[in-house]
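Reviewing the structure listed below.
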Amino acid sequence: MENILQEIGIDNYIYLATLLFCIGIFGVLYRRNAIVMFMSIEIMLNAVNLLLVAFSTYHQDAAGQVFVFFSMAVAAAEVAVGLAILVAVFRNHNGIDIDNLKNLKG
Amino acid sequence: METNLALLLLFAPFAGFLINIFFGKKISRTLSGTLGTIAVAVSFAVTVFFFLQVSSTKVPVMVDLFQWLTLQNFSVNFSFQLDQLSLLWLMFVTGIGTLIHVYSISYMHDDENINKFFAYLNLFIFFMITLVMGSNLLIMFIGWEGVGLCSYLLIGFWYKNQDYNDAAKKAFIMNRIGDLGFLIGIFILGYLFHTVEFTGMKSMIDNKWPINESLLGVAMLCLFIGACGKSAQIPLYTWLPDAMAGPTPVSALIHAATMVTAGIFMITRLNFLFNLTPDVLEIIAIVGAITSLVAASIGLVQNDIKKVLAYSTVSQLGLMFLALGLGAYEVAVFHVITHAFFKACLFLGSGSVIHALHGEQDMRNMGGLRKVMKITFITFLISTLAISGLPPLSGFFSKDEILLTAFHHNKPLWVIGSIASIMTAFYMFRLVYLTFYKDFRGTEEQKHHLHESPSLITFPLVVLAILAFFGGAISFPGMSWLNEYLAPVIAKPAVHEHLGTTEYILMGIAVAGAFLGIGLAYNKYISKGEVPPQDSEITGVAGVLYNKYYVDEIYTAIIVKPIYAIGSFFKNVTEVAISAFIFGLGKVAVLLGNEGKTIQNGSIGFYLLFFVLGVCSIIGYIFLVK
Amino acid sequence: MDILIAIAGLGIICLVAEIFNLRKAIVPVTVAGLLGVLAFVGAKIFSKNPDILGLGFDKEPYINMIINDKFALSFSALFILLTAFLVALSPEFHKNHKAKLSDFVAIKLFLLTGAIAMISFSNLSMFFLGIEILSISLYILAASNPKDVKSNEAGMKYFLMGAFASGIILFGIALIYGATGSFNMLTINAMDREALPSWYNIGAVMLTIGLMFKIAAVPFHFWAPDVYEGSPALSTATMSTLAKVAAMASFFKLITTLNPHLPGFLTTINIIAVLSMTIGNLMALKQTNVKRMLGFSGISHAGYMLLAFQFRDLTFAQGNLFYYAFAYTLAGIAAFAVVLYVSSSKGNEEVYSFNGLGKTKPLMAAVLTCALLSMAGIPIFSGFFGKMFLFNQVLDKGRMILVVFAVINSIIAVGYYFKLILAMYSKESIENKEDNNTVPFVYSAVAVIAILINIGIGLCPELILQLMR
Amino acid sequence: MDVSFILIILLFGAGATYFVGDKWASKAALIFSFAAFAATAYLTYLFSTGHKVNSMHLWIHNPMVLFALQADGLSLAMTLLTTALTPIIVFTSFGNLFPKTRSFYALILFMAFAMVGTFLAVDGLLYYIFWELSLIPIYFIALIWGSGDAKERKKAVIKFFIYTFAGSLFMLVAFIYLYQKRHSFLNVHLYTAILTKNEQIWIFFAFFLAYAIKIPLIPFHTWQANVYQKAPAAGTMLLSGIMLKMALYSIIRWQLPIAPYAAAQYKYLLIGLSIAGVIYGSVLALKQNNIKKLLAYSSLAHVGLIAAGTYTLTLDGLRGAVLQMVAHGFGVVGLFFAAEIIERRFGTQEISEMGGIRLQSPKFTSMFLILVLASVALPGTFNFVGEFELLYSLAQANIWLAVIGGTTIILGAFYMLRMFQYVMLGEANTKVFKDVTFNEGLALVLILAVLLFLGIYPKPLIDFITPELEKTLVFINRFN
């Protein structure tokens, strides 16, 4: 592990994670399907998880990995709630295109 | 004792005012009038007492009550001063006041508000006494404004007529213009002397207190403006003819005998200061002379009996100011006194005529009254002769002294004064002829009711006519009791020329001038029997004169109208603009809020885009912009 | 930690009580329990040894997770008080869905644990957990009326954007962890800022952004009005009071502890503060929906609270922020109690629904008026002191221009607050038939108590300020 | 017993009035306001016999705010004015049948409470709090019980509120800024705060904004006429009789001693602005056909003169200002009450629809006339005393200022007599003017009695206020 990290360098992990994170952001911005947006957010979260793990290794500190578990658990909870809301939206709107959700404005 | 008596002198009319205003409705009309008269009579009696005392002891009576105003430089007390000058004034104020009160009992008997009338008259006397008795400029100012108020109330006594109210308002406002001058004068004097007491200022002058001459000049000029307002001099004279809207006794008392002479009183009172400012005196003389000429010329063609008298009053006041301006204060005072006698008599006489004609004031509708109203006629004639300046009546002496003084000091002013005198003789006799001679020109019904006035009206006429006849006795040229009496209060007596040839020639010229005026009037209205034409037919020079040189119109055009125009401008433009500007700030906020609503468009994608933009700009700002 | 356990336990009791058909007891028990906890927190604040129960929660290892300083405890007390009010309002609000009552109460309690966790954190993971618990509870509350399209939309918007913001927060945490190698705030705070890699600052900024979203500061505010309007009124009340203040307080604590040494950082916060105030106020001017208006008003209040970052003395600033939060939230609770009443009797929260309230329900109108005056910053209401203390603090730092902006915004704010007051007092009620219905007791009780506390701390600001010293 | 007792009476009175119910509210308000007056009189007596009646308690530690009420000649004089006018104002409202009576009277008392607090407070923040607090009751009084078109009224009232609130917020900033210098809000501390010239100027104008709007001076006056017209009579009286005095008082108490350099620097600008208001207000008053608007503009003119006097920074100016505040307070309350009496009978505020009242009610006419005369500062009325001192102080600054300011006595006579003429005189009105009731008469007589008595014998008041003004003047002139 140490070798790999040393060989590749922590910077590249950060770049990768940032890239993934940005992909997630663009996904959220670009897509109009709520589920795809969820997935994009998941990509963002996972990018962070990747980063945390990388740093955990870099610092030789388990706390980062523990934190990843927290974050995964939270993300799961979040998605559970999110999907529940999505279901409610689907029932009322017969669709999950977020462009339908423009009633509250002004 | 003296204090109490002085207070009695002051407050007797005030008590009369209070009684009449609060209980006047409950007591009978005659009683109301009687109480009012008694109140003034009491003052008169006390005045006589003091007059005799001071004439003999030559020591003024001073009364100091309590502190009124406190300013940083000086304080002002309620204090009164009964010296020669004020007592002289009080004598004729309360004396003529009493007579006119008597007159009014009968004259106003049919008016339902007679109690108000007497209340106001008493109040007027009260304020007049305050004005005269005050020992400093501010107490004088109380009286000064107070008489203005009473004048306002009495001119507008018949308040149902808005024209009369307009006249009253005009009188008050024009007086106020003068009052502002008076106030400014007080400010400067207070600043210069650290006191506004007459005696205090005088002693400082006597002790050669260093004075800023130019500032003093401004102060004196301001005070003169005040005098102009009260005494109806150019340019503030136009209110006086309009003030004839008031009941005739009011015109006699306030607008002929007493209040309008307050300006002369004030200048005489401050003669020791005016003497220091010869430039201002010159202005006073010129203004006085011009006023006398202008007013006399207007008087030539007026047809309202009271208007003629009003312009005559303005003209005579002008002569008095002429005398003041020449430094002949005692001469001015002399003319004030004689003028008070004959002009009061003339007004009361005209009142008697109007009374007989049930309110008719237009001379074109009069005539032939001498047969019916003998007493009125005779007293009126005596006074007319007096005002025209025929010897040996009082007016001759006083007016002649003015002209004499003028001749010695300033020839052009003498010419002006003489012309004014000739005009006076003309229009006064025009008045007499049109009113009392020839045949009656009024309606049949009026003719039917013609009668001499009751004795309460004629009695004051007789008394005043006698005074008008003999009043000149107080100051014969060369052996003047008046000059001696006033010597303590007049710092620098005018040089009294010995009566020489020049003087006699001048007297002759004056008398001849008076006869010229009378003769012209006789020729026109008796020999030719002319009656002034109707208003619409008056044209040419007469038209200009008849319309008073259009001065009222000019004032309206250059002062009143612009003020209203500015008012409209403020109301319709400035106010709206300021309001709009301030509202505009609020409107801009609301507008921005409204615009902002379009950004808040409800789209999550858009919100997220903004979110990301926000992130980018923050990170960009913090990390890239250094 | 003991507080968290107590409250979480209370939440569980609620759920259990529903199972045992003790529905009627839920709210009284919860409120009583909350007040008990409140008393406990109070005792902790004032006692020398906060570990009153002797359970050792204030020692290691808990001290790495939770720190019970005065700042945390005071804010916890405020949160508990607010939750007590919100819970007390619940049964009346949910009277048509009695079955769901226990869920809502429990969610509020869990939300409270989240709030307390995120204010008492001493470790970034605790902070993260707290903020997520709070957020997820709020997503549920926002969407808690599944039949209502608006509620769906509000929930969806809030969820999507909230999750997005969570991602950013998480990214920030990761970077900070990467830079320092620790989640422990005490450790991080002790480190030499100059020696840390630049990720540290980027992480701090990302955390800032994420929390700015939570407090709805411009330009991350777009969700707030929409969600406030769409959510059920009680949820809106929760968001605009409890959630906003919790986010603000933890934001303050986080930034002051992370203490990034960045030249433009405070300037950025100032700019955002001014923008939030201005845009919040300007947008609120033309709103016709009261909840939405209060949403914008909340944005501007967030802007004001951001002024607290300009300080010279930290405890001083903490006290001022706490005071402001206290004043703002109590006014908010009072206002929402009235809004709840109006929305239940009129069916909506449009401004015209408030017409004639001054005549028909003078008490309610008076309370709402006081609450709005407090928010507008009129003395003797505590809102005034909140603003004044903040201004004082900012001027102490010498930032005149900020105060001038804040003052101008206070003027604009009067415009919309008074729109509502005008409606209550000078317009006639559109329909008079419902005038005879009485105000539910809890609404008036909560409204009155909240506003009395508000005025009370206005009269004696010392009561609140001294908690921090 | 100290001065906080007055505040307690008024505050308790406001509460009690609200809770006794609509029927007894007016009486309760009268009793409490009169009790406050009696308490003030007694405290004035105590103060003048050398007792300490100040009240000083620590309120907030950090920032340090004191609950400091100070009784001195100036503040007690203004408090007396307030507590003397409040019962009169309450009493004048007896003739009106208001809905929600109890709230109305409670608000009046509360307003009096706030105003008295403003006059007594010497701690800047406390003062500011009272200052703002007085805005709330008048807002509701004008809004709820006002007259005229509801929409217009709302507009006017909200404009008034925002406007005055806006101004005073800058004063708050100035206070907090000053606090940084001395870490105290106490006035004597603020007087001695060391400020650069620039700071003084900024602070001076921050205060100025608050006061200029409240007084109001042009061009900050646009709220005034509309609010005066639309507010109920009692509200107008409170506004014009007392509330605007708060600002004038504050100039003397706060603005000038704190920033004397700026005051001296901009002396002529400020006097000029104030005097411009005199003429502006007078000329506008001439064009008004609404009696309350006319009185509003006349008030604008009068307070312009008062403000000009204060800005001369002379003892005469300050003293004249205080005297004129009292005089104007009573006078304007009387005039607005007279307008209200007419409105009660004729149901209109339009001058063109009035006239002929003298024929029907000579008594009322006389009283009205005296009020008019007081307003035009006829000697013998109290207004003259004040106006004389004010104009004298202006003359000391520059004689032309006195001349221009003095036009008020001409223009004032012009518009007031014009108003009097068309309201009171002329042919009988077709509408019946019932003679004034005993209550109405009594209120007017009380006002007139004060104006006339003090017009003749102002010495006690002058002696009462002078020492404090001299003390203040020492601070004001400390740079000269």
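In this document, chain identifiers A, B, C and D correspond to the written order of the chains, with residue numbering beginning at 1 in each.
The working rule: a residue touches a chain if its C-beta (ideal position, glycine included) is under 8 Å from a C-beta of that chain, and two chains touch if they have at least 3 such contacts.
Being a predicted model, the structure only gives us computed values, none of them experimental.
J.: Pick out whichever of the two, A-C or B-C, is joined by more C-beta pairs in contact.
T.: A-C
J.: Please indicate the chain closest to the centre of the assembly, with centres calculated from CA atoms only.
T.: Chain D is the most central one.
J.: Please report how many Å separate the Cα centroid of subunit B from that of subunit C, as a whole number.
T.: 78
J.: Nearest whole angstrom, what separates the Cα centre of subunit A from the Cα centre of subunit C?
T.: That gives a centre separation of 27 Å.
J.: How big is the gap, in whole Å, between where the Cα atoms of subunit A centre and where those of subunit D centre?
T.: Using C-alpha averages as centres, the distance is 66 Å.
J.: How many angstrom lie between the CA centroids of subunit C and subunit D, rounded to a whole number?
T.: Once rounded, the distance between the two centres reads 42 Å.
J.: Tell me, which residues of subunit D touch at least two other chains?
T.: Touching at least two other chains: 162.
J.: Please output the residue numbers of subunit B that touch at least 2 other chains, ranges allowed.
T.: 586, 597, 600, 602, 604, 608, in rising order.
J.: Using the touch definition from the top, which residues of subunit A touch two or more other chains?
T.: If we look for residues of subunit A contacting two or more partner chains, we find 25, 28, 98, 101, 103-106.
J.: Among all the chains shown, which pairs meet the touch rule set out at the top?
T.: Between chains, contact exists in these pairs: A-B, A-C, B-C, B-D, C-D.
J.: Write out the stretch or stretches of subunit B touching subunit D in their complex.
T.: Result: residues 21, 66-72, 78, 116, 138, 141-142, 144-146, 149, 152, 156, 159-160, 162, 165-166, 168-169, 172-173, 176-177, 179-180, 183-184, 187-188, 190-191, 218, 563-564, 566-568, 570-571, 574-575, 578-579, 582-583, 586 of subunit B touch subunit D.
J.: Inside the complex, what are the residues of subunit A that reach subunit C?
T.: Spelled out, the residues of subunit A in touch with subunit C are 10, 14, 17, 21, 24-25, 28, 34, 37-38, 41, 44-45, 47-48, 51-52, 54-55, 58-59, 61, 63-64, 66-67, 70-71, 74, 77-78, 81-82, 84-86, 88-89, 91-93, 98, 101, 103-106.
J.: With touch defined as at the start, can you tell me which subunit B residues reach subunit A in the complex?
T.: 597, 600-605, 608-609, 612
J.: Using the touch rule from the top, collect the residues of subunit C that touch subunit D in their complex.
T.: 316, 319, 358, 362, 373, 378-380, 384, 388-389, 391-392, 395-396, 400, 403-404, 407, 410-411, 414-415, 418, 422, 425-427, 461-462, 465-466
J.: Name, in rising order, each residue of subunit C that touches subunit A in their complex.
T.: 124-125, 128-129, 132, 135-136, 139-140, 143, 146-147, 149-150, 152-157, 159-160, 163-164, 166-167, 170-171, 173-175, 177-178, 181-183, 199, 225-227, 229-230, 287
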